[in-house]
């Protein structure tokens, strides 16, 4: 599903965020990416998502080479990928329901369908009672769950989750991971960046360890 | 140092975020606050910080009753408290150095002093090499460490840290907690809200457990 | 993925958006409205002034005196005048009429003219020139042609007046151009800057929309709709400002000065042009700004 | 906590801030500049027009004819005229002068007056009224007073002219007021809205500053400084616009129409008032908006 060959990414003014990453994520795999702060986990996910372009190397998603994604193809690619952003990226002016619904709206799903799917998703992440709240009046963990709901609601082919449990208590973290596992069981490719060893140990999936932008262990 | 009597906080349109909290944090104590997502941890810290007013009850900080803090007293109160925000609240237009320095500038510290203290603080949180970066070009964990540095740099009488290790790997979390412990040893009152049981178990300090806005265990 | 439903969404979405940013949108609409009104006031006043001055320019008349020793035949003379290029219209002033004019000027002291021979004053034609013949060179040309007519004794015109008038027209046109270009530029600048700032405050929103897979069109539609609405409201405001301002002044205008308040175009045309300019500025301003954010 | 060092920080900080938001600040300065220029152009033109019309109003003259049967003593007559309230200045026109005027009017046909007794035309005084005496009621009062003088035969003035003129003045004043109030309101509105939008884009920054313990003053200083700088630059821009516009037109103005380009105040005064208004608008606009954010 996702193949990266010798991918590197350098930002101006600092050491490369990623160096020579070669990685294959087959369809239906559940992959953990871990590593210390600043190791390049988020950068790796962003490159898979097409929101950062690699400075070097090749990346093939779903059979298409996306080294330099034509701008017109970006929306289509992003609709097929659910991304949980480390900093949530919720629209502050829209309610929780609307934030989640937007992921479906941009795909052209009908309103009745949207309502049912969004409400189901909100109940999965235990936020039905917050549906009409604005993100800024939610707790950190609640915001994170909205971000997760928005990524999952569209039944994407790929889920990229960046530190999706950083603001959640252990019990809730487990439930969210179960949700990812469930989605994964239905064939979705899932990549989760996390520094929570407990979760990695608990779920025992393939884990890529990054350090200083290099793969330090699988 | 911080005394709360029957403090409640309700936001419009939802169940009370805090109900009847009575809590005493003596000077020099190190207190953990834990509880599931949405339990009211952040709300409790914000009330201690004076950025949210309780709907009910009394709160005494450093011998002064702050139920209704006169706006003119807020800056003074906040300069004596270091707050690590769950969502960091860094100024996107200023560099890491300037963000940390600002906490000292608003107190009127001289420029030479600022330079020394900020650089020392940045080395504590391992961010010397990022001093001139803007927050948005940092990784999540790096941003969190800037927020921690900004709270600690002014040697405050009280430190309130809201989920300060949510984006940090275990090793770095331990180091940051050691930093808090060190500061605490020098007499600073520290309150840390976290859902990381590992840290609580590791450091074994007094822990207040919140659930649904009530104290569910100490 | 039904296109119709999708469009409906976008529309309802953009309406909701506008409601959220309603304060900003309203203030932007007012900025558009005021700017348009300022430009329209200037345009109307300068058109009216130019029209007024052009009429006033009719005073550029040439007087042709008829020779004493020819038989007075106004009809025949008139026929020959009509053939001179530049002559627009003329009035015949007979010897008697000339004398009467002089009498009127002397008010209560007409006795001065008692017994005066009416033949002492010549008959004359007062000629109005076509508007294209009002600068000093052309007036001289016309006068030369007139002098060649066999029955013409003398041709008189105020060279000074003609020159003054021509330079006045030139100046008015230049002033209108300089001020008009500046005002138009300032209006477009102010409106686009206001829209830019309003969109700038929502750049995060645009960024997030794109990250969750919204097409550029989807991102633009709300801003387009907002631009249209702000433009329409702005156009209405400018029309209202003009109408109210005119109404406030109308009762106090001396009749002969009412031309200054004329609306040089039919009200529906003014209305549509104002609303259209508003929409154009609102839409162009927001789409250009959004486009800039979309490019990166 | 040394106040001096602290202030220095704030200043250097605000300069740095301005550099970051330099695009927005520059555009805001231009908005201030253009708005001020629009208002100043209107103000100057309307002051000049009013001045021109007032001078023109000197034509509201009253003619007093001297009785035929009294000994002509211009000096004595003048003395008594000076005592009539409302009389501003006067010119004596002797019988001879009157006759000469008539001759000039008759152009090449002076023979008509050959042998005419110079005594047929009366001597007269052309009187200019003080500006406060120019409406029709007051003119009539002055005329009545003049008529009571023993040596006065007849008093003539154009009632129609006086009325037209009074209503013209009234209309010009009203028009200037209506348009001026609108322009001033629009200027203040546009500038404050622009500043509001610029500050609005930085509300998060303000919020964070307060959370880390910045006093309201500390938060305001950068905005104050930015307001001052934008105001100064805006004032300079408006002055430049006025100067360049004037220069562009100056060569093309007919001499007798140059009054329209007069600057009714000394250039340094205009300059300071423009810059001061710019600063006032910039500072007031940003402080009010920041204040609104600080209140909550």
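For reference, chains read A, B, C and D in written order, and residue numbers begin at 1 within each chain.
As a convention for this text, a residue touches a chain if its C-beta (ideal position, glycine included) is under 8 Å from a C-beta of that chain, and two chains touch if they have at least 3 such contacts.
Bear in mind the structure is a predicted one, so any value in this text is a computation, not a measurement.
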Joint neighbours of chain B and chain A, given as chain labels: none
Chain pair that, of all pairs, has the most C-beta pairs in contact: C-D
Furthest chain, CA centroid comparison against chain B: C
Rounded Å distance, chain A centre to chain C centre (Cα mean): 61
Approximate Å spacing (C-alpha centroids) for the pair chain C, chain D: 23
Gap in Å, rounded to a whole number, between the CA centres of chain C and chain B: 66
Per-residue multi-chain contacts in chain A, two or more chains: none
Topology of the chain contact graph, where touching chains are joined (line, ring, star, complete, other): ring
Touching pairs among all chains present in the structure: A-B, A-C, B-D, C-D
Residues on chain B engaged by chain D in the complex (per definition of touch): 51, 74-79, 83, 85, 89-93, 102-103, 105-111, 150
Residues on chain C engaged by chain A in the complex (per definition of touch): 1-3, 5-6, 9, 13, 17, 20-21, 204-205, 207-216, 218
Interfacial residue positions of chain D with respect to chain C in the complex: 24, 27-28, 30-31, 34-35, 37-38, 41, 102, 105-109, 111-113, 116, 120-122, 154, 164, 167-168, 170-171, 174-175, 178-179, 182-183, 186, 189-190, 193-194, 196-198, 200-201, 241, 245, 248-249, 252-254, 256-257, 260
Chain B contact footprint on chain A (complex, rising order): 11, 13-14, 34-38, 41-43, 86-87, 129-130, 132-133, 137-142, 144-145, 162-163, 166-172, 195, 197-198
